Amino acid sequence: MSRPTAYFKSHFPLFRSLQTRWADNDVYGHMNNVVHYGLFDTAINGWLLEKGLLDFKAGSTIGLVVETGCHYFAEMAFPDRVEAGIGVERIGSSSVTYRIALFRNDETSASAQGRFVHVYVDRQTRRPKPLGSDWRQVLGEAQL
Amino acid sequence: MSRPTAYFKSHFPLFRSLQTRWADNDVYGHMNNVVHYGLFDTAINGWLLEKGLLDFKAGSTIGLVVETGCHYFAEMAFPDRVEAGIGVERIGSSSVTYRIALFRNDETSASAQGRFVHVYVDRQTRRPKPLGSDWRQVLGEAQL
Amino acid sequence: MSRPTAYFKSHFPLFRSLQTRWADNDVYGHMNNVVHYGLFDTAINGWLLEKGLLDFKAGSTIGLVVETGCHYFAEMAFPDRVEAGIGVERIGSSSVTYRIALFRNDETSASAQGRFVHVYVDRQTRRPKPLGSDWRQVLGEAQL
Amino acid sequence: MSRPTAYFKSHFPLFRSLQTRWADNDVYGHMNNVVHYGLFDTAINGWLLEKGLLDFKAGSTIGLVVETGCHYFAEMAFPDRVEAGIGVERIGSSSVTYRIALFRNDETSASAQGRFVHVYVDRQTRRPKPLGSDWRQVLGEAQL
């Protein structure tokens, strides 16, 4: 089991500010390990929505998650604020691998970090669709 | 079934700004009815924590929820922002009835509104504890 | 604040067996008040799906929640099992008011109970649709 | 990006039957990728509780999650049932690496599979604690 080193904020080109919620804390008084993935989803899809790439109601292209993973270094807990750092590790024909890290309040070293792989597919057929130039341009802005 | 009228922002003395999350949207593309209660919990406990009244890790007094309810008027959806209006309807010996409403983005009429009743109890015995003067003072600031 | 008496299992014509999950427990070591509503949703929609009334992917009629409420009498916690008792209190033209209670493991007195009001609407227009005879027949089987 | 092959049920020594919930389905009509991790947590901790190893309320040893990951092969959705296959990949001094897979209804090939690494620590100090012989015996029953 190789254990990675925690990223710093300086490793990321893009940030999203996220809130924690009361029920994020589990019986041990800290943010449950599952919540981190909900924040990954929110950070990445929130960015894609804001950029006009994703339209989850009517768009013909949707992102299906094919792989996720997370290493946990330090506890976070409601009511902490979370800064999510996002970077694009790899842009494939129809898939994107994101690197993402969660920073507690004003800390500069990640409390948790992981990967998130989206395959972009046609909403109806669920077959992979090559990423258009609009996607490549926006994703390129956050490329590592 | 009497249906109440939606509150306006002017009906509330106190507001908390909340975020929505990707998974708040259910299969119908809007915020699932359950999420509203998670926002109630977050808004009220977040306020009590900030005021130094609630210490969920070590405090001797904790708030148990004995009643909640919600009327839904209009759909909200991620990535909407939510303003939660909070008011204290009634302060009992050891219980507090909160009125709470959720306003979508900059709207002034509530998308949903409800009630939330906390009984404050001793963490160990779970028996009701009379609210101290510190609690009564802070709660009084948001009394309707 | 009038406080109702807890229902017994004998008050309900229909039951659904539900599981709890690890993250249902909050920082106080019991099922968070929000989870109850997720169980209401699951019990009622699960029943409607099984009866062939609801088709959330392609059906023209969907159920929108316009009111929910819950009184909490006793704590439940993962890994408890939950029996959800369901009864139909009122069938309107296009709305249904359900009474629902959650029973912990083999207990016969409810740990929590509430109401859940669905308005059935056209998926596209989101306008109320009169309930057809197929709906009325099935709902009638659980009428109180 | 190497993509693993889906496991079969025959790869696992131990199974837990889990339910899905209404809100597990996201806007795309399938179980959101985050829910899988909630099922991992529930399956593993449920097993440890049943075996008398974990006592999350009063026990001196608690399990902290230090790494999780999941590959997604096929969609699942409420109201599917899920069979969670669990196997112990590695028992360290104070850590355990679990392999876990989720099987939809009666399918024999995994819809998703992942890893889940617990470090067992003292509740108060949060320092790693060597696993006792009771833990090693039970974990050994599910060793791969």
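Quick notes on this one:
Order of writing sets the chain letters: A, B, C and D. Residues in each chain are counted from 1.
One rule holds for everything that comes next: a contact is a pair of C-beta atoms (placed from the backbone, for glycine too) under 8 Å apart; a residue touches a chain by one contact, two chains touch by 3 or more.
Keep in mind that this is a model prediction, so the values were computed, not measured.
A comparison of the C-D and A-D interfaces places the larger number of contacting C-beta pairs at A-D. Relative to chain C, the most remote chain by averaged C-alpha coordinates is A. Chain D has its Cα centroid 29 Å from the Cα centroid of chain C. The centroid of the Cα atoms in chain A and the matching centroid in chain C are 34 Å apart.
Rounded to a whole number, the gap between the C-alpha centres of chain A and chain D is 22 angstrom. Shown for chain D are the residues in touch with two or more other chains, namely 22-23, 25, 27, 29, 32, 34, 38, 41, 56-57.
Residues 22-23, 25-27, 29, 32, 34 of chain A touch chain C in their complex. Of all residues in chain B, those touching chain A in their complex are 18-19, 21-23, 25, 29, 38-39, 41-42, 45-46, 49-50, 56-57, 78-79. Across the complex, chain C meets chain B through its residues 1, 3, 27-28, 32-34, 37-38, 41, 56-57, 62, 64-72, 90, 95, 97, 117.
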